[in-house]
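Mind looking over this structure? Questions follow.
For reference, chains read A, B, C and D in written order, and residue numbers begin at 1 within each chain.
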Amino acid sequence: MTVMTYREAVRQALREELLNDERVILIGEDIAEFGGTFKVSLGLLDEFGPRRIRNTPISETAILGAAIGAAATGLRPIVEIMYSDFFAVAMDQMVNQAAKMRYMFGGKISLPLTIRSTMGGRRSAAAQHSQCLEAWFMHIPGLKLALPSNPYDAKGLLKTAVRDPNPTIILENKMLYNTKGEVPDEPYFVPWGQARVVREGKDVTVVALSDMVDFSMKAAEQLATEGISVEVIDPRTLVPLDIDTIVRSVQKTGRLVVAHEACVTGGVGAEIAMQVVYRAFDYLVAPIERVGAKDSPIPFSPILEREILPDDRDVIAAVQRTLDYAA
Amino acid sequence: MTVMTYREAVRQALREELLNDERVILIGEDIAEFGGTFKVSLGLLDEFGPRRIRNTPISETAILGAAIGAAATGLRPIVEIMYSDFFAVAMDQMVNQAAKMRYMFGGKISLPLTIRSTMGGRRSAAAQHSQCLEAWFMHIPGLKLALPSNPYDAKGLLKTAVRDPNPTIILENKMLYNTKGEVPDEPYFVPWGQARVVREGKDVTVVALSDMVDFSMKAAEQLATEGISVEVIDPRTLVPLDIDTIVRSVQKTGRLVVAHEACVTGGVGAEIAMQVVYRAFDYLVAPIERVGAKDSPIPFSPILEREILPDDRDVIAAVQRTLDYAA
Amino acid sequence: MTEALDSRIPKEVALQLYETMQRIRQFELTVVDLFARGKIPGFLHTYVGEEAVAAGACKALRPDDYIISTHRGHGHLIAKGGQFDLMMAELFGRRTGYCKGKGGSMHIAEPALCMLGANAIVGAGIAIINGAALTAQYLGLDRVAVAFFGDGASNTGAFHEALNLASVWNLPSIFICENNGYAESTPQRQHQKIKDIAVRAIAYDIPSSIVDGNDVGAVYLATLEAVTRARSGGGPTLIEAKTYRWRGHYEGDPQMYRSKAEIEAWEKKCPIARWRSVLIASGIPVAELDAIDQRIQEELERAVAFAEQSPWPDPSEARADIFTPTPEVA
Amino acid sequence: MTEALDSRIPKEVALQLYETMQRIRQFELTVVDLFARGKIPGFLHTYVGEEAVAAGACKALRPDDYIISTHRGHGHLIAKGGQFDLMMAELFGRRTGYCKGKGGSMHIAEPALCMLGANAIVGAGIAIINGAALTAQYLGLDRVAVAFFGDGASNTGAFHEALNLASVWNLPSIFICENNGYAESTPQRQHQKIKDIAVRAIAYDIPSSIVDGNDVGAVYLATLEAVTRARSGGGPTLIEAKTYRWRGHYEGDPQMYRSKAEIEAWEKKCPIARWRSVLIASGIPVAELDAIDQRIQEELERAVAFAEQSPWPDPSEARADIFTPTPEVA
């Protein structure tokens, strides 16, 4: 085990997969000399050269289109979209092309394509550089989707994605790049579709995504001091979603809080919650609570952004509400 | 009252608003001589001329950008995006620009902008011309959103939208254009944010969107013959959403089915259902049922498309499941 | 006044060009009829009148060169070697079709023929083709990759981004614009001020050419030039082929946006009749051409019968083919 | 060897050009310092070195002409008349700022000055500006609308679609490309093969010009020409201004992608020093220029104090300003 940052873990995954398979290439804006805006690919150009680490113009549609065409014809591209807000200029390639090509072709091709991007606020980057758009992708059949919450998963999920013959999207959290965690020295893969029980508990289940896992753990620790036992589950991947682990937990606790940074309305929290309502209706003793951003564009001023975005205090309050609920 | 098609009702709304306010203009691909791919604007060029009925190149980003800029500076554009699948090439203008501009400017501008598009399958138009993407928009604060299910609402909601100082999206259902209904002869407006109880009932509440309203009514009639009383509610607008009417109904019936044509996972059904779980938890006697497309790209072959898309039989089955549920 | 056969085109190639155009024409006329009779669901955009572009361009390609197409894709697939029976079955929505009935006319594809699909999003294929070109370049294969698209598509953002990327990466991409004068109902002068779309190559510093899209020999030679350049590392080319579609944008289009006279004038420029004259003048017996036509007709009849007799897909297959099964990783 | 003041530029205009450039420069240097000291949150993209473009272009405009900007927007707002105090407060995230602290550096805007905002999506503003131009054209006002954008932005789909639409609609849109040689870290030769972005105008059949973006007088005159054409119904123009940014893409950029020598060479071409020489050579007393500089410095100090003393927004305002209140309709 080595303690390393989330950024370094992602870089290791990229490097190992570049070493493992000559067909793996990186495509993105400013990813070469510059190492990417978040410096994830720093150093890879030196090691692998411009043939494999490919800088592009500011042309997200062309980038994704080229990656799709390359994946359909034998390469295994890994694309970096600098901020997930920028998917908006090129959703067609994600949704009408990558997600549907295999199906439209009657199963005749595979698209081993990995798309990495960054998500989230808390940096005063304002309305167009702070969004969490995982709900868009979860709604489109044909795309796999992961939101790693720690260095171990960031590396292991990415490595699995690169080996996957399907289009996979990984949304990395900007606020996590500098956080540290243990990463095995030997190669490993984290399977998609297996949730992680981050903390066991018996009173309330908290399903948390991305950096809301840390906030939820903080909340759980705080609540533990008050004698409240919180189970924290990180689904890790939304497609496929390991709903079984979540349902089992709710069958035990009877209470559920779903926490993500994306705004509440139309967020994936509703989907996860509804699947639980459907599968564990009789076990629920209180309404499901959702924690997420208040419905608003993300403001610039830190004081306003803090007001909009959720954190551990919101998780605590939500847990409390499920416990206080009196039928 | 005059009986007219949904198409004609939309055209009347456009015509009345063009007559009412010189600042109203229409922008879109093939909307002039051709009258639009769905012939909604047929005849308007003759009456209003090319200055107000504006054909464009195939450039959805430029179309929406121009409409946004025009709305910000004094016009009241109505844009037609031919198929809502095509939003994917220009989501940036919808989501990063139109939805956020007022907020980012600290409230200093208004965007009186109406965007009409078409949604839905059932025409063997296959994967890239059949989608229902309302969930994308409902998740983005700053956009209003309606899905009219009949000629009366199609006209009345559109007229209200054109007078609204905010970006509004109206998703018209292609399969409804030829359906008929009564429309008042005098001018009227349908307020946004008021659900319509289409049919009263006491056993189960069905919340249905767009053409699922007709399917749900058909289901309700069938179920009535078996002595089952279904209340059908059409929210009409998703932003703002009249959750109160839905909650009141569920408080009465204790059972809820949400029906839309979009695929189930990540669809707006989850959002509506979760709001009900939150507001009417103690009234629910069975898990909420969701009716929607099975998670898949839309296939071309009619037999496959029928398998994927929901209809009245799915509503009936879902209602039955809520009734059969034994805790 | 009949043109002579260009000396750079061998007679056997000339005959193949004729046959391919005729295959496309007859296929399209057959599906027009079947569509009118309700046998084919969905939308139908036909290629009637534009046959010389697909036929000429694809003749300049090898089987392992890639192409990608548009909503108007039958001609491209036929020119790349598509079989009538599997195409017809696809258009009928049958499980024996190229895409098992999942794609239909607007998504018909056959990767085994290096045909990366029709595409119902205008412009999208222009971006995707660069990926096929990149694979070829990256793997050191001397393949090229061709995107077909319309005059209307040349106004999409995808066109611009894709040509620029092909230029900076020096990809073996060939962009063939089928300028048929209309984007759906919109005449070219209403959707762009330029007359020659080929001038847009200047914006990417890549070579271009303008070719008579109703002269199959000219299209063939122009494409051959671009292919030769691309194969030898010379990078992308934009080719504009000026042509015309004879039928509506889609079947059912009332076409109020253009005059009968305009259509008739172009019908007189029929690429097939024109090439037939060239061939006859060059000494090919009429009977040989008629025999080709006859064979095509028979093959089409068999294809229709095949499609009609083919089973529908089973509803249980509706959700297959979304994801490729994932191998276990250690 | 100092240049002479172009005779088409009145002295008072020349002085205003100087003042505007200096206002931008001093503002940027001040915020760079404040950012380093943690007073300004978020991202900061400065305009140092490029002042002549915004200053020259906006001087050719009337107050009621529209502009739209980029992520690098301070210079444009200042040139359009933006006040230091309200700008500074916005960058500080205070409620007294131009956008009540909701926009920040990347979205700073003032519709009252017809400045339709900085924009953090590269290329987006190019599409939006056509709408302002359309309003002017539609209402028969003789206003023009200017979009500023970078060399990198000229590769976005939005650029292409917007210039084409402006062309077919003959809009009074003026597209000013600030070619500073880099898109973030990517040098121009790596993101496009063309050297002159102005050639892209050919793709839309619109006029273009290339101007030394460090020569404020040249930018002013080139813009004036485009404005005159646009006001009189002559349609859009693409202007390419060649310039250079002195600082990193954003504050904090380590800039390994370019050499110190390159930066220094451009610093020698400082647009402000250059114009100052021109003014002095034309007889303007140095003291007059120094007085301008001094006034700007004092105004900036007041602006910083204003921002520092301004209240933070109240959290309760966070969700205000999403929607405009909707009037009742009958």
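Everything below uses one rule, namely that a residue touches a chain if its C-beta (ideal position, glycine included) is under 8 Å from a C-beta of that chain, and two chains touch if they have at least 3 such contacts.
Being a predicted model, the structure only gives us computed values, none of them experimental.
In this assembly, D is the chain whose CA centroid lies farthest from the centroid of subunit B. Counting C-beta pairs in contact across B-D and across A-D gives the higher total for B-D. Distance from the subunit C centre to the subunit D centre is 45 Å, each centre being the mean of its Cα atoms.
Centre to centre, using the average C-alpha position, subunit B and subunit D are separated by 40 Å. In whole angstrom, the spacing between the mean C-alpha positions of subunit A and subunit D is 36.
Chain geometry summary: the mean Cα position of subunit A and that of subunit B are 30 Å apart.
Touching two or more other chains at once are residues 56-57, 59, 61, 85-86, 88-89, 92, 96, 103-104, 126-128, 141-142, 295-297, 299 of subunit A.
The multi-chain contact residues of subunit C, meaning those touching 2 or more other chains, are 99, 101-103, 107, 119, 121, 155-158, 161, 164, 168, 190-192, 322. Interface of subunit A with subunit B (complex): residues 61, 85-89, 91-92, 94-96, 99-100, 103-104, 126-128, 133, 135-136, 138-139, 141-142, 262-263, 265-271, 273-274, 277-279, 281-282, 284, 286-290, 295-297, 299, 325, 327. The touching residues of subunit B, counted against subunit C in their complex, run 29-30, 33-34, 37, 55-59, 61, 85-86, 88-89, 123-129, 294-297, 299-304, 306-308. On the subunit B side of its complex with subunit D, the touching residues are 25, 51, 54, 56-57, 59-75, 77, 89, 92-93, 96-97, 101-111, 141-142, 144, 159-160, 163-166, 187, 189, 191-192. Contacts from subunit D toward subunit A in the complex involve residues 41-43, 93-95, 99, 101-107, 119-123, 152-153, 155-158, 183-186, 190-192, 256-257, 312-313, 315, 317-319, 322.
Subunit C meets subunit D in the complex at residues 155-161, 164, 167-168, 190-194, 199-200, 202-206.
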